[in-house]
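Each in structure tokens, the structures are laid out below.
Below, chain A partners chain B and then partners chain C, in two separate complexes.
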Partner chain A sequence: MTVPTDLTTSPKPRDGRRRVTPAKVMLVLFGLVVLLATLRVLTGADDLASSGTLRATLVAAVPIGLAGLAGLWSERAGIVNIGLEGMMILGTFGAGYFGYFYGPWQGVLGAILFGALGGLIHALATVTFGVDHIVSGVAINIIAAGAVQYLAALSFTGVKGGGQTQSPPIDSLPAISIDALSDPLGDLEAKNWFIISDAAALLRALVTNLSVLTIIALLLFVLTWYVLWRTSFGLRLRSVGESPASAESLGVDVIRYKFVAVLISGGIAGLAGGFLALVASSTFREGQTGGRGYIGLAAMIFGNWRPGGLLAGAGLFGYTDTLRLRGGGESIHGLLLLVAVLLVGLAVWQWRKAARTAAIVSAVLGVLVALWFLLSDSIPEDLTGMTPYVTTLLVLALASQRLRPPAAAGQTYRKGSAG
Partner chain B sequence: MRRLTKTAAVAGVVALVLAGAACSKKSDDSASTETGGENCVEKTDDMKVGMAFDVGGEGDQSFNDSAAKGMKQAACEFGFDFQTAEAQDGEAESAREGRLQELVDAGYNPVVAVGFAYSASVGKVAAENPDVSFAIVDDAVEGDNITNLLFAEEQGSFLVGAAAALKSETGNVGFVGGVETELIQKFEAGFIAGAKAVKSDIKVQTRYLTQPPDFSGFGDPAKGKTAAEGMFDAGADIVYHAAGGSGGGVFEAAKAADGWAIGVDSDQALTADDSVKDIILTSMVKNIDVAVHEFLKSVHDGAVKTGAQVYDLESNGVGYSTTGDHLKDVADQLEDYKKQIVDGTIEVPTKP
Partner chain C sequence: MSPRTTRVVLAVGAPVLALVMAFVITSLVLLAAGDSVADVWAQILSVPGHRAIVNIINAATVYYLSAIAVAIGFRMNLFNIGVDGQYRVASFAAAVVAGEGWLPGYLNTLLAVVAAVLVGAMWAGIAGLLRVTRGVSEVISTIMLNAIATALVAYLLRKVAVDDGGNNTATKQVPEGSRVPGIQIFDDVTVKVYGFVFLAALVGFVYWFVLSKTRFGFDLRATGRSETAAVASGISVKKMIVVSMLLSGGAAGLVGLPLLFGNDYSYGSTFQSGLGFAGIAIALLGRNHPIGIALGALLFAFLDEQSNSLQIVVGVSPDIVKITQGVIVLTVVIAYEVVRRYRVRLEQRQVAAALDEPATIEEAKA
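Moving on, here comes the complex of A and B:
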């Protein structure tokens, strides 16, 4: 949803915190609509800003965003969580099993519970026993895939519509549709008026068939921001990730904070998996996470370990992936123009910052992309699949100087290290 | 800390108990679905058949199941033992080789490998075990002891493409492929050719969910749903999928958009959940069971045919399903196309 925002709002690490006010959010949203509208009109690829695309973007972004949020909780407490993918896999099964046999809300709880179980293993291994975080995470990914394969075969074999590798369809969670708004907005969208139709499309995406779980997921971002940055619990949790020795010397129970953070991380990752099985589709299916846990981790880094930036990163992923799946080469082709403009803009900015070499590289890249846009009508299918990854690589490459991970992330802490 | 450990232990136990509940639940359902049973021959034959599944495994309601069905029928008819082995998503080549070799070591002969993923491993293991007969579904691997069970998917896809064009009211249909491999391109090519044969100006949208070597496109219903939604939003009213497990998402999208979906590999109107079966217009059926059964019969009779065995419309290896009777009004035209393909008047392309 909030595609290019990170370029303008990525938080500066040290010099005070920028206030996120409703006015700013509206401004960013408005800028986004203008950008999409301009792009749509210039390129003629109408699907770039249709309500269908935006709705699908939201659905695609939420699991990635939640996975990133899970990573954020864990890394803020100093535990690198590469096991997100595995916890998501556990979550898909939890959602599938409890969702099918008991009901969708139980499915949500089951997803969180199973994810938290993965988190528990990771916490025991890394916090209690001091296992290398990467090793434990990778192990969880492998164990989760195997365990779920086994459990799914036990649970769904012979159930009508299900099988060893998938659950039967699960009942949907309630979704909110405001028809009184949706229909007139649809008419407005169909007019293809510059900006007005695009704003209508955005609003329509938000009032049509919006799952309750999507809303909960978005609230979780706000909640995370509040808890981690506005409560003493959050301050202690972050201090554990920055400098556990100092935290312990000030009386913080480091081990307990890390443990809790990783458990929460597992629960959220499980919910991310549950979202895939309950909202993005309505079945549990083996392998349905498709690497989204890793993408979530990338989104978290992209967002500089902050909820807002992370959400922007997830949105960027969701948007490019949705464009590719819905519109294919034509829509992605339209996106080329945006990339070209952004690159040239970046070149100007770098030039003024006296980063001459970087500016020239950006400018040349920008011109090349612009030429590509002008000289072709579509992008081959083989390349469109790479779009989300290329976009992220580009953004990461350009923004990496400004990233600042928690100082003690990845380090094993033993009780009493403060001396 | 100690209290925390205790809490953790309790949580773990609870989870295990819940998982245990999962185990006990299934036993009452599964027995009924085993095939055969009624008129099976006593297990007399000393032939032991091993079958290695592709990702998805038994219960995928698709080609793995179809292969299993053929084997179970043959086992029932000729009275032999069989063993199945499951594959894992994203596993290494060595894992597949190991699986085949294990079956061979345990005395299983012949060994049937389901799916093109096994092409390299079958070639290797077959060369090392010249006395064992191998069959591979969906790929042409050379070898003196290898039988290739191949299908003319493009011919079946042609017919469902024609059906889609005949039934489409918007003149706009779609194809969702799981992963852009040569095999899935055969489905696409046939579908497009069939649709255009009926209506030369029909719009056919095509989309693949992932590109090799990323095979997640066969098991990601969320992606299938998004892609199909895009097609329905762009005016399509019928979408054909050749995307394995991602197809469930295509069915969901079709239901939400009040459109039709076309299933693949097996008659999906029979296996899909009640909530979506009404929107399945037809399915492109690939009778892997027929091929597997025929292969096992040939082994049983001691007359194995190695090399490529192509199952096409003529030999009833591919076709379309009519569950739900949605194609009643166009059945004559479809039979006519079928005849033309069988007698060679229409040649269906295998590449889009």
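Moving on, here comes the complex of A and C:
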């Protein structure tokens, strides 16, 4: 958060223009490790940074991240997509059906196909017929949930190992382990050395039992960044989301770009659902998405409509989700300290920026969280599930001035509006 | 056709067109899946029995309240997706208050209703405040608040739950004297219509009266139509946003009450969920009109009830009607848009024709 305060000496717009260099990425990763290590030592909650936790985080973060990525594609083209949840649900079924009857790779394709089908409905409704984006999204969530329940009962009833609401186990996709690295890193992790063991745990999580689909997902992030920000196709797609009339006056086929973007969005959301069925649990189950489409949307907003920030958001939400699932009331309790420190830091920063009211609000929140940390031993499991949502509300409430959604997101565009 | 009949035909035509489209699409899904289209529709469109009629009225009562809550927001151009969370927090609060039984008899019921309205309004108010003070879109904040509500209620439920011997975690039962008696409309079945059906009717009437007949309602609709025009005529938009969010949340607080006082008598982990999203669909279907919403609520309840026996009779999963319900939302909106575009064209033609006429008269005079 080091932004020049004197605007007159920094005429360059800061939004989205900060260069991401490998050195900076390494620095961020290193900072993360130091943070986790410090937190682990201070709170004594060793599970905070174990390789098991971090590996589970990766598995939890990928579907959230992919859902967010799907939202990114759509919103960058100006179509708000709260049908992500429904498209993910369709994806879980696509993966379950094609995965069980034809094989895991067909399952991946099936997930993408079914998700894209949801995208097609959304595109037809919002782009072609000019339906309100939220209305269409809500409708898709209803339709998808119903359709999948109906189709699952039709496909898996009476199949051995399956049932009305779930598919039989699906063969897993190949996973990659580099034992030559994994084992020594495990030894290092077990030593519990400050920072070094934590770094080892992080690396070990990355080289042990890594599903190909996880790798594909991470590559999709890079690909998205490249396509949207480094190609003319991406520039046109984003221009359609910022100012469709200007884009059309420059000869961009607005309707077609929006349509394609929403289709891609649906496909990626479907893949997010497919990941849940194929990698996270190896079977399709009804209600498997559990609101992850919405968390993905939250991660996208958290990330300010950019892939890097989105990845960070997905990591954060996946991490808290993992701690919850690992019975980590104590681990999450440790995170309270971090939140308190961050809030107080934010307050100081806001105070310096002369945002006095906001600073006071942040400071009061920070002190309250710190008190909570000191006066309790653990956070009830039910409450930890709130983390992504509360974080998003806080980010929106405290930093909404720094968030910049695509300018024309949510607006209906009719061909020829450029005049 | 006279202009008046044209208008009526178009007004009725849009929802009918939407329903027909939804039926066609559902039939296509059934065909593609290899289920018998005729059998499914024969079952769903059969005449409901007495028990089914009572169930339909009861389900429609709950849907109606939910849809009115959503419609209040819609009239103000606010998208309250959070009715789902609001009614769950409010129902839980009402169940706790009613279960404690601080007051005797119906005073207790009244207190619980007030608690539900206040809690629902407060939960929605968070979104309203975030919108006016921090510019946070109510769509996003209510989605987040829904999830937070789920977690919060689950947590609090565990705190206050009483052991009833079974494995259902639930609040204390509402005392006998505070329950709302049902209305027996058929002698041959035991099920009764919720007494709170009158509450739903009252809410519908108040909704119509306040929006159509009061200054406040006019301000609200004006702000919903055009914020700039509202500002120009001296309406405080921020105040209107907060107030309509509070009203919408207050109405949402009532959604669970017919169930609480007429059927469940406690709030447990099995309390009906997802009513808020159905409310969005029904409000759209009914065009935010109190009568239209009532018809929409009855239609949704009818589809739900009639599909229950699909599995046994035809061997088709009843979830097929959820597809129909979801598709109706889309086709309704599309149909209204198509009709609106057609009407605009029609008006343009009429105006053009009317403009031609005086010219011919003057020509005649000359």
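For this structure, a couple of remarks:
Assume the second predicted complex is superposed on the first by the 401 of 419 C-alpha atoms of A that agree within 3 Å, B and C clash if a C-alpha of one lies under 4 Å from a C-alpha of the other, contacts with A are read in each partner's own complex, and residues count from 1 in each chain.
To be clear about the criterion, contacts are C-beta pairs under 8 Å (C-beta built on N, C-alpha and C of every residue); 3 or more make two chains touch, one makes a residue touch a chain.
Being a predicted model, the structure only gives us computed values, none of them experimental.
Following the overlay on chain A, a clash is recorded for the pair chain B and chain C. By the touch criterion defined above, A:Leu154 reaches both chain B and chain C. Within the superposed three-chain model, A:Gly130 lies in touch with chain C and out of touch with chain B [touch as defined at top]. Shared-chain residue A:Gly287: touches chain B; no touch with chain C. Of the two partner chains, both chain B and chain C are touched by A:Gly146. Between chain B and chain C, B contacts the larger number of chain A residues.
In the superposition on chain A, contact of A:Trp105 is made with neither chain B nor chain C. In the superposition on chain A, A:Trp229 makes contact with neither chain B nor chain C. By the document's definition of touching, both partners, chain B and chain C, reach A:Gly385.
Using the contact criterion defined above for the overlaid structures, shared-chain residue A:Ser50 touches chain B, although it does not reach chain C.
Common to the chain B and chain C contact sets on chain A are residues 145-146, 149, 151, 153-154, 164, 291, 382, 385. The touching residues of chain B, counted against chain A in their complex, run 1, 4-5, 8, 11-12, 15, 18-19, 22-23, 25-26, 29-33, 55-61, 65, 86, 88-90, 180, 207-211, 214, 216, 219-227, 229-231, 233-234, 245, 248-249, 252, 271-276. Chain A meets chain C in the complex at residues 80, 82, 121, 125, 129-132, 134-136, 138-147, 149-151, 153-154, 164, 291, 294, 297-298, 301, 380, 382-383, 385-386, 388-390, 392-393, 396-397, 400. Residues 47, 50, 52-53, 56, 59-60, 63, 97, 101, 113-114, 116-117, 120, 123-124, 128, 145-146, 149, 151, 153-166, 168-169, 253, 255-256, 259, 276, 280-283, 285-288, 290-291, 322, 325-328, 381-382, 385 of chain A are the ones touching chain B in the complex. For chain C in complex with chain A, the residues that touch the partner chain are 29, 33, 35, 79, 81, 130, 134-136, 139-141, 143-145, 147-148, 150-152, 154-155, 158, 277, 280-281, 284, 317, 319-323, 325-327, 329-330, 333-334, 337-338.
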